[in-house]
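Take a look at these structures.
Each of the two complexes below includes chain A, the first together with chain B, the second together with chain C.
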Partner chain A sequence: MSTTQTKPQKNSFLAGTANYVDERVGASGILKEFGRKIFPDHWSFMLGEVAMYSFFVLLLSGTFLTFFYDPSMAIVKYDGVYAPLKEAMISKAYESSLFITFEVRGGLLMRQVHHWSALLFVAAAGLHMLRVFFTGAFRKPRELNWVVGFVLFVLAMAGGFTGYSLPDDLLSGNGLRIIDGMIKGVPFIGTGISSLLFGGEFPGHVVIGRLYALHIMLIPALILVFLAVHLFMLIIHKHTHFSGPGRKDTNIVGYPLMPVYVAKAGGFFFIVFGVIMVISTFFTINPIWNYGGYDPSPVSAGTQPDWYIGWLDGALRLAPTGMEFMIGEYTVSMNILIPLTVSLLFLALVAIYPFIENWVTGDKREHHMLDRPRNAPTRTAIGAAGVMFYAVLWAGASTDLIATHFKMNLNQVLVTMQISLLVLPVVAFIVTKRICLALQRKDKEVAIHGRESGRIVRLPHGEYIEVHEPLDEYELYKLVDFKDYQPTLARPNAEGKITLGARVRSSLSRFYFQDRITPATKTEIEQARHHAHELEAQVQKAIESDK
Partner chain B sequence: MSDNSKEVETSKAAAPAAGSYSDHEYELGLRVVNSDAIADPGLEPHRVRMTDKSVKHEKAAVRQVALLFTFSMLGSAFALWAYFNFPLSEDLSSVRLNTMYLGIGMTLGLMGIGIGAVHWAKTLMPDNEVSEERHLVRGSDDKRAAAVEILAAANQESGFTRRKLIRRTLYGSLALFPFPGIILLADLGPNPGDSLRHTFWKAGTRLAKDPTGIEIKASDVTLGSVFQVIPAGLNPTQKDYLEEKAKAAVLLVRVDPSELKETDERKGWSYQGIVAYSKICTHVGCPVALYEQHTHHLLCPCHQSTFDLIDGCKVIFGPAARPLPQLPITVDSEGYLVAQSDFLEPVGPSFWDRSVK
Partner chain C sequence: MKQLRRKINGLRRSPKALGIVMFAGLLVVGTGYSTVSAAVSPNREVVRTQEQIDLGKKIFLANCASCHGKNAEGTQNGPNLIGVGEASVDFQVSTGRMPGAASGPQLEVKPVQFTEEDIAAMAAFIGSLGDGPSIPDAAYLQANGDPSAGGELFRINCAMCHNAAGAGGALTQGKYAPHLMNSSAKTIYEAMVTGPQNMPVFNDANITPEQKNDIITYLTYVQNNDSVGGEELGSLGPVSEGLIAWFGLLGLLIIIAVWLAAKSN
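Moving on to the complex of A and B:
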C-alpha cells in the first residue's frame, strides 16, 4: 500500500491505525524524517544506552517502591516479621523499608533491582563520559552536549545519594551525619543551611521526607529534562563515528534506525534489564535489616558509602590533620573546605575541558570523526591523570579496609594515599603519553613498511632480512587517517602586541603538540614500497640463482 | 581554507549539497593540512553472512529467534507461577525463595526478548552499512538572515531596544521576583540559636548505659572497661530523643589514674581514672566508636580520626582538628557517676561561630 493513499484497505487493521494516527499527529512526517536515520556501530556507543536504560529501570522499580514506602520519621515500635528487630523503636521510614523487604512479595527483589540499577546508572554514565572524552566526541559542535551530560552525571550522583538515605537505617543515617558535618564546616552560612535542611537540629523529623521529595520528584524530573535535551542534541548533531575508510567529517556511516537499531537498541533495553534482574536475584545489596534503625551513637567499623560517593568521602579522609584555624573568634575548618574545594574544582575542570581544548587548537570546524585515543596523546594523558586522581580519592575512602585486609598500618596507608594523590596523576600522565606516542610510532612504522611476515631471507651477500607484507588499502587508511595539529608561536595581535592570552595559548599548544607524530604520507609509503620491491627482486633473483 | 583539507580533497562525493562544508569556511587553527595524504579508499566491501548465503542457516536463525522469544514467554509464566507458589511467611527463608524464583522467571522473560531481538537484527536484518551526508549544524546564510530579520522585526514592533524605561524596569522586576519565593524557604528550619552549645547534660545528671538506661556506679567501672553512655532520663519515647542523643552520647573509660595526663584546669574532671568524653567526632560528627585498650586510642570508623584518650583526647591522626570535648564527672552520695555540668564547649563538628561567646 502506498503511503500517499488516504483511504486504507478495509481489511488492514495496522494500516487503519497508521492512518488514524497520521491524520491526528502527522506521524508519517516524523517517521519519514527519523525512520531511516543512520546510526554508526561500535561497542563503546552502548555505554550511554546502558545508562539510559538503567534510568528507565530505576523509574519502573522506584515507582513500585513508592507504593509501599512511607517517608515519615515518626518513631514506632517494630512489629513485623523480622525477629531480631522485634520491639525496636524505629522510624516509619525504616519500618516500611523492612515491610517492603520481608512482607511484600517481590519487594526485596524490587529494592535490589532499584539499588543495583542505581549503581549501574552512575557507572555507565561515568564510563560513557570517559568514552566521549578519550575519543574527542566532545569537540565542536558537541561542547554543550558534554555540559548537559556532565549535569546528568551530577544529577545521577544526587539521585543516588538522596535515595541511599531514605531507608533511614544506621548506615544511611551516618551518611547524613557526615553531610551535616560538612555543611556546618562552611563559613558564615553552614549552621543556618544545616538547620534549614534538617528542619532544626540533626537528625530532626523532616529530612527524610524532604529528601524523598527531591528523590522521587525534582531529581528524576531534571534527569528526564536533561536527558531529553541530550538526545535532542544527539539527533541534531547525528552520532559521531570512528575514523576509517569511507568515514569522513562530512558523512555518517552505519545502519538505519528502522529496523536494525529498533531491534538492537530495543532488545538491548531488555538485556540491560535482564542483567540487572539476574544480579538482583542472586546478589544482596544494602541489607538494611542487618544495620538496624538510625541511632546517633553506634556505628560499625568498615562502613563504606555507595561507590559513586566514595571519591568525595576519600577527599574528606585525605585531608591532613589539624587543618583548622581561627580568625578572631570564628572557626575556619580547612579540613572540610579543602576537600570540598578540590572536589568542586575537579568537577568544574571536567565540565569546561572541551572549551579549553578548543581554545588551544583554534580548530573551529565541526568534528564528527572520533579519534583513536592514541592519536590525541596529550588529551589521553590528561584523561588518564584525571582518572588516576579520581581513583586515588576513591581508594582513599577505603583506607581502613585496605589496612585490615592487607594487614598494613592504617596511618601508613593514609599517608601513602596522600602522596599518591599528588604524584600518581603526574605519573599516569607521563606514562600514558609515552604509551600513546609509542603506539603512534608503531602505527606509522606498520603503515610505511607493512606488517612483519615472519619470513626471514638471506641475501647473496649474507645479509638477513625479514620480508614485510604491505597492508591492504583499508587497513592502511585506518592507520593514517587522523587529525594532526602543530604548536604555534605567540603572535602579535592587530595592534602589534603579544597578549598574555596569546602567550598562554602558545605554551599550551606546545604542551599539547610539541612531540606529535605526524601521519604517514603518500610519498613516504611509496618510497618504502619502492624499496621493498627492489628487495623482493633481489630475493627472487637469489632464489632463482640458487636453483 | 577548508577546501585544502584532506577530507574534501579525497572526497568522492558529487557536488556538495547546501549546508555542507563548501557552504561555510571555518578556521582550522593549529590543524595541519596534509597535501600528501593517503587517499580514502571508500567503504570496505560488505562481508556476506552465512544467513545471507544459505537458506539452511537462515531458517536456523529464524528458529533460534523464535525459541528465544518462547523462553521469554516461559520465563514470564514461571514468574507468575512463582509469585503465588512462593508466598512470604514468618520464616525468613521464604523471602529468599520468593526473591530467587520470581527473579529467575523475570530474568528469563527479559533476556529472552532482549537476546532474541538482537539475534534477529544481527542475523536476519540487512547488515549493509549506509553512508549519509552530514550538513553543518549552523543554518544556511539565508536561514540566518531570515532569523535575524525576525528578531529585528520583533524588536522593532515591541520597541524592546528603543524603549529603555520599559526594558530596564522589566529587568528590575525580573531580578526581584524570585526573592519572595526564596525567602519562603526560610521557614524550612529555625534559627539554630544556641541549641548547638547545649546538651542534655546538667550538673548532677547521672550517667546511664546506652541503650538500656541503667545508671552507672563508679564501682561498676572496672579498669580498662568501656561504656557507651547517655544521660539518665533521656528515653526513646521523648520527642527530641535522637537530636539530644546526637549531642549527648558519651564514651566512658577507666584507666590507671597515674597514666592520665591532665591539665591543671581539668584536674577535677575525672573520677579515680574514670574519664568521659563526647562520642561525637569533631570532624564531621560520626560516633567515635572504636577504643583500643592497650594504646588508649579512640578511632572514628568513618574517617579514621584518632584521639589519645589519656592525653585529653587530642587528635593524633586523621582529618579531625580538635580534641573530643570532655564531660566533667564525679560521683553523687549514692556512688553513681554524675556530670558536674554540661560540656563546656559545643560538641560535634566544627561550625563557624562555635567559639563565639
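Moving on to the complex of A and C:
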C-alpha cells in the first residue's frame, strides 16, 4: 500500500482558487519566475528592507491620520480638552492635530507611529545608501538604480519636511519660516517664488493645504513609483553578493524567494512594525501641544528640524556672515546662497558618483561581487570624507544644544564646527585611506604566509621561528578575490592630441589607484607555501633528532 | 554722607514719619490709581524690622561685601546693589546663584548657602538701601490663573530664550537661559521683575502681576504634567528624537538583522 500518494483533492478550495487564478493571469509562471529569485544572506542587505517596511507603516498610519486631519488655516477658538490651550485662537490644522492627539482613540499613538517611522524611513534609507556605496554595489549594471535610490532619498526628505509642517504648530512654523527665508534669499526670483508658494506674504493662509496635497498625494505616489522601479531593477540585476568560495560575478549564492525569503521578509516586516510600535508607545515625539499654534511673532529657542533636514539647517548656521552685497536694488545674501549651493553640489556629487568612478576606472565589466570597503581604499576614503562633511553639517544644526549640554561657549562651538567642516573631511579621507591600505597589507601578509600560530620553534642552528599556519581555501578566497585597478595614462586620441578630459581622467586615476595594494597572486602564495613546507620539514627533522 | 544717612534714618523713626508716610500713601493712591501698574511690582506692605536689617548687614559684610562693596555700592567685581530690591536678593541667594562660585559668563545654580531667615535678612538690608522690586505677593504665586493666556505670553516673551517647553536654550559667549522645570513660582516671578543676569526685566507695565500669575500657572502645569506621549527626551525636540531614531530604532533593528542573518548560516 502506498501511503505517500495523496488523493487528488477535487473540491479543495485552495486548489480551485489557485487553478482559477493560474488559468486567468498565469500565476504559476509569475511564481516560477519570481519565486525562484535567489537572495544572498547578509545583515547589511536588510537595511533597504527596513526602509521599505517603515514606508509601509507610514502609509498605514498616515491613512489613519488623514481621517481626522483638516489642512485648513482658518482660525478657530480651541475648545478641546488640553487645558493650557483652552480658548486659544489657532488654525483648524493645529486644532485637528490636537484633536487627533487628545481626543481620537489611539490618535496620539498613530501620530507617534507615523512620525517615528518617518525618522526611521529616512535613516534606514540613508544607511542603505552608505552600504551600497561602501561595498561598490552601485557599479555597472546598477548605476541607474543608484540614481533611483538617490531620488527616493530626496523624496523621503521632501515627504518628511512637508509632513513636519502640517500640524501648524510653533516649531514647524519656525521651520517653514526658515524655508521661506531661504527661498527669498535666491536673488531676483526668490521673492516671487515665495509669494507664489505661500499665496502672498508668509505665512498666508494656503500653504498648509498645498503642503498637504504634496504630502499625501504627489510625494507618496512618486515614492511608490520609484520604489517599484527600484525593486524591478533589483529583480532584473539580481542581488549582489560578497565574495566567497563558489561565488562569482556570473552567479548568485543564497536562498530562493519562495519560500525562504517570503517567510523571512514577512517576519521581518512585523519585527520592524513591532519595534516602531514599542518606541512609539514609550517615547514622545513632536509634542505639538507644548509648542502652541503657529504665530509668526514668537520663535522658540532650540528650534531644530527633524534629523534628515538637520544638515541643511547646519549649513545655514555654519555659513559665514557679513558677506551680503547689493546688485542694484537686489540684496544678494551670501549667507543663504553659499549653504544652498554647497548642499546642492553635495547632493549632485552623491547622485553622479557611480558615473565618476566608472569614468575614472574605465571599467565596462559587470560587477555582481561586492567589494570589501578596504579593497577600494580611495572610494572608501571619499565616502568617509563625505560622511564626515555631512556629519559636521548635521551636528551644526544643534550647536545651541551642544553648547548648553556640554557647558560650552556657543560662539566657540560654532567656530569649531566651521573649521571642522573644512578640516575633518580631509583628515577622514587620509586616515581612512591609510587604514584601508594597512588592512589590505595585513590581508596580503596573511594570505601569503598564513596565520600566526603562536608556536615558537628553535631550529638546530639556534634560530627561533614562529610557525605560520596556511589558510584553508575558504578563508583564502575572501582575502585574494578582488579587482586590482592600475592608474591609467593619458593617451592621445585619434587625432593624436591629448585632450584636457584625458588629462583630468588620468590624474584622477592616479589619485584613485596610485598607492594600491595588489592582491596576493597564486605564484606568491605557492612560493610561500613551498617555503613553509621546507621550513616545516626542517622543524620536523629537528624534532626527530631531539628524540 | 554718613551724617545725611543717619539723619534720614533718624527721621524715619521720628513721630513725623507717620504723617509723611500717610501723605505719601494718599498721594500715590490718589494720583497713581489710573496710571497704576507702574515700574515696580505691587509692593505688599513691606515688613522689615531693624533687627533683620542689622543681621542682614552683618551677613552682607561677611559674605558679599568683598565684591559688592561695604555699602553695596559695587566694585569692579560685582554690581551696585542699591535699589535692586528684595526680590533680586531672594532670587539670587535662594537659588544658590549667589554667592557666586566663580566669575564666568554666568552664575550657576548650586546648593543654597544660607537659611531662609538669613536670606530674608539680607533682602531686608538691601531693600532698606533703596526701593526696588520686593518679594512678590503670595496672591500671585498660587498658579491659579489662566494657563492658556499664560502659555501664549510665555511663547511670545520667554520662549525665544527658554524654549517653548521651558527646556532652556543657549545665549552668546557661554551664557544660557536655564530650563524652568524645577523653578518655583516665586523664583519665576522674581526673575521676571528683577531680570537677573542676561534676562530682561518684565515690569508690571509690560506684563501685569495677573499675567505673571498666568505664566506661572502655565509653567506649573507643564512641570506637573508629564508628556502624554511617553518619555519626554528632555523636551529637546528633534535632536533627541533623531538620536533615538538612529540609536534606538535603527540600532535595534540592525541588531535584529544581524541576528536574523546569523541564524540562517
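In this text, the second predicted complex is superposed on the first by the 538 of 547 C-alpha atoms of A that agree within 3 Å, B and C clash if a C-alpha of one lies under 4 Å from a C-alpha of the other, contacts with A are read in each partner's own complex, and residues count from 1 in each chain.
In this section, a contact is a pair of C-beta atoms (placed from the backbone, for glycine too) under 8 Å apart; a residue touches a chain by one contact, two chains touch by 3 or more.
Keep in mind that this is a model prediction, so the values were computed, not measured.
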Inquiry  = In the overlaid three-chain picture, which partner chain does A:268 touch, first (chain B) or second (chain C), both, or neither?
reply    = both
Query = Touching A:290 in the superposition: chain B (first), chain C (second), both, neither?
reply = second
Ask   = If you stack the two complexes on chain A, which partner ends up touching A:13: first (chain B), second (chain C), both, or neither?
value = neither
Task = Identify the partner contact of A:67: answer first if only chain B is touched, second if only chain C is, both if each is, neither if none is.
result = neither
Request  = In the overlay, answer first, second, both or neither for which of chain B and chain C A:406 touches.
outcome  = neither
Query = Touching A:464 in the superposition: chain B (first), chain C (second), both, neither?
reply = neither
Request  = Report for A:477: first if it touches chain B alone, second if chain C alone, otherwise both or neither.
outcome  = first
Request  = Between chain B and chain C, point out the one touching more chain A residues.
outcome  = B
Inquiry  = After the superposition on A, what does A:85 contact: first (chain B), second (chain C), both or neither?
reply    = second
Remark   = Intersected contact list for chain A, partners chain B and chain C 41, 101-102, 108, 112, 255, 264, 268, 271-272, 275, 280-282, 295, 297-303, 399-400, 410-411
Query = Given the complex with chain A, which residues does chain C contribute to the contact?
reply = 105, 146-148, 150-152, 155-156, 159-165, 167-174, 176-177, 218, 221-222, 227-233, 235-239, 241-242, 244-246, 248-250, 252-254, 256-258, 260-262, 264-265
Ask   = Considering the complex alone, what residue numbers of chain A touch chain C?
value = 41-47, 50, 78, 83-88, 101-102, 108, 112, 115-116, 119-120, 123-124, 127, 170-171, 255, 264, 268, 271-272, 275-276, 279-287, 289-292, 295, 297-307, 310, 397-401, 403-404, 407-412
Request  = Would you tell me which residues of chain B are touching chain A in their complex?
outcome  = 2, 7-8, 11, 13, 16, 20-21, 26-32, 34, 36-44, 83, 86-90, 92, 95, 98-100, 102-104, 106-107, 110-111, 113-118, 120-122, 125-127, 129-134, 136-137, 185-186, 188-192, 195-196, 210-211, 228, 230, 236-237, 240-243, 245-247, 249, 279-281, 283-287, 289-290, 301-304, 315-322, 348-357
